[in-house]
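Labels run A, B, C and D following the written order; every chain starts at residue 1.
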Amino acid sequence: MDSRRVEALADGIFAIAMTLLVLELHVPALPASASSRDLMIGLWSSWPKFAAYGGSFLILGVLWIGHHNQFHYIRRADRWFLWINICFLMCVSFMPYCTALLGSFIWNRAAAAIYGVALLVTGAVLYGQWIYAVRNGLVVHDAPPEIVEATGNRILFGLVGYVIALGFLLVSPLIGLALYVLIPLLYLRRGGIDRHLAAEHRRDRPE
Amino acid sequence: MDSRRVEALADGIFAIAMTLLVLELHVPALPASASSRDLMIGLWSSWPKFAAYGGSFLILGVLWIGHHNQFHYIRRADRWFLWINICFLMCVSFMPYCTALLGSFIWNRAAAAIYGVALLVTGAVLYGQWIYAVRNGLVVHDAPPEIVEATGNRILFGLVGYVIALGFLLVSPLIGLALYVLIPLLYLRRGGIDRHLAAEHRRDRPE
Amino acid sequence: MDSRRVEALADGIFAIAMTLLVLELHVPALPASASSRDLMIGLWSSWPKFAAYGGSFLILGVLWIGHHNQFHYIRRADRWFLWINICFLMCVSFMPYCTALLGSFIWNRAAAAIYGVALLVTGAVLYGQWIYAVRNGLVVHDAPPEIVEATGNRILFGLVGYVIALGFLLVSPLIGLALYVLIPLLYLRRGGIDRHLAAEHRRDRPE
Amino acid sequence: MDSRRVEALADGIFAIAMTLLVLELHVPALPASASSRDLMIGLWSSWPKFAAYGGSFLILGVLWIGHHNQFHYIRRADRWFLWINICFLMCVSFMPYCTALLGSFIWNRAAAAIYGVALLVTGAVLYGQWIYAVRNGLVVHDAPPEIVEATGNRILFGLVGYVIALGFLLVSPLIGLALYVLIPLLYLRRGGIDRHLAAEHRRDRPE
């Protein structure tokens, strides 16, 4: 099966999971005639939900970029690959629930741990998908070996980060949650893959 | 009408139905200051909803793969084919409701039977769509006859499975529900279609 | 602007509107230990919601096919065309609300009238979009005039049907609602457009 | 990374955000046997929600057209561009919440200000995305300079409009809200970009 169809489903599920996050934000339960001040207080009191919304949106953005970087090198899909991908998408579509849980119980260690474990599992499935694709010849033949390795390492890096964050959670929820937000931000930096893609682009279309 | 547009709508509806399943999972109704232990107990008590979520996601994944395998061989759509396909998509988009019903009433025979009948009807429409496409020349001309037959038989196999599961439901809900989960897992095995697609791929791009 | 991008947005909105219909179906508010009989009674009592769900899904299916038939002949989009299309999509995305209203108040003339007027407005915008495209040269140049006319007439036919249905609503809600369901079924019949598309297909790929 | 994949995610998020707006419209809480008159009164009393729905749908339509006009000239995406785009999509997917807030508290200055500030931020991110793309060579090389400038100015024009609307909000919510609706309507007028796209189209396919 062509990998493009898998991407269409994945893009759809990412788009929906990212947009469904907003359904967890509720309008304050105040009368329509509430004063501006009461409304601001009502909104302020649900800051954990807004924080969870912003954080989860960014994390899903990181995962989407990671998924797409993989598919830049994947040309074909077999049945097992499809199934690993469906498991990955199940993890992605589960994120709105974890976000709702964390937004409702922000200082609760169990809620924070579930959120972190969900991210770990999601990352692990994404990593497994890449390893499976590499070992079963689903990757394009001219993919440079250093990029194949860098793509895997980039995911591993995040997995290690979330294991550390889960460890800190036992000591202090505040540090653990701060790490949850910090790790995706580290993905902002340009990596070897970006340099390779830019070089590939320059080579293809010299201007 | 070109079959690609039908696929775009189908991919969209599958992606949304799969992601909407998560809206049936509710955060436990506990105060924000609830202890980790209370939260875990609250989550545990709604295990049927999580089980229904996971099961339905996998089943929709099986159906999506089945739908796409069909469209690999379909090149054209006429009005009746479009309508059979819309009926199929109606069944798909109905799955979140059946899932909610089963998640709320896990040991209720009526809920389990409705879920099973919905799957049966969905599979039957998918089967009917394939038969219609084959008989009305909507399938590509170089599709090998053994694959055309295998594609139909693969769906029939699941239909028979769900009839058996519905029968067991009368004896014991536990066995019936276990079969519901088991049948999609059987679709993991590589079939004749996979071997054919892989052979086709090797032939098209010898490396 | 290329018309393909407009189609991507339209396919997305149709897919979501069709799938969101299911959120209006609620699980009966019964204890988890309810008997099968109580569950069936609970489900039966909300038959108007199921009927509204099925009817609206079919109607959205008709509209989607109509929208796609138009875009088969449209190659380009200007700003006004985009805006007419966005108004059409606003009507489409409003359908889940009308469906919820009709499902909650099935024998209420106001609810049935709102549903019918919404369909009328949706059809009128679709008709206006086609007329605008034809008059402003957005249609492909080799579109046969009889097809251009038939495409418009097909929509007009439904508009007249819904005006008649709204008239009958004043006499009897039952007849009015029956017509609502009957009109989309009439679109099942093969029309001039289908014959033309089939002929075009045979001409392009003689086998 | 190819810009087409970014567009697929964007189209998905726009389609979902536009369709989720409808979930904020609730069926009046009346008994199923309510009279037509009671139903109409119930619907009328929630006019602010309908107004917010219509306004937000149009504004998202304007933003979608603006996003697509940009991507007509963008051929490539780097990591920072992807991140600016994800921030833009986060703003877009936040609109249903702002709409719900404004629909619930229509005469509340805080709700109206939050809505306006959200629009300002969304527009500013869209503007920043364009400036970043222009300065970092992500734009096609044959894009005429006057169009590159006009695309930016068109967004700036809306930003200035919403700053003015926010100013009027301090004086009178009515004038402020009226401006919110008026500004997107101004985007209906044909601009330099449309003339350029039409000319480009005529040049590419002289008939």
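By definition in this document, contacts are C-beta pairs under 8 Å (C-beta built on N, C-alpha and C of every residue); 3 or more make two chains touch, one makes a residue touch a chain.
Treat the numbers as computed from the prediction; the structure is a model and nothing was measured.
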Q) If you fit subunit A onto subunit B using only Cα atoms, how far does it have to rotate, to the nearest 5°? A) 90
Q | Most distant chain from subunit B by Cα centroid | A | D
Q: Specify, for the interface formed by the sequence copies subunit C and subunit D, whether it is same or different in terms of residue numbers shared by both sides, with half as the dividing line.
A: different
Q: Measure off the straight-line distance from the CA centroid of subunit A to the CA centroid of subunit D, and report it in whole Å.
A: 25
Q) With chain centres defined as C-alpha means, what is the inter-centre distance between subunit B and subunit D in Å? A) 36
Q: Name the residues of subunit D that each touch 2 or more other chains.
A: 8, 12, 15-16, 20, 23
Q | Of all residues in subunit D, those that touch subunit C in their complex | A | 7-8, 11-12, 14-16, 18-23, 25, 27, 30, 32-37, 39-40, 43, 53-54, 57-58, 61, 64-65, 68-69, 72, 188, 190, 194, 197-198, 201, 207
Q) For subunit D, which residues are in contact with subunit A within the complex? A) 1, 5, 8-9, 12-13, 15-17, 20, 23, 76, 78-80, 82-83, 86, 89-90, 93-94, 96-97, 100-101, 104-111, 114, 141
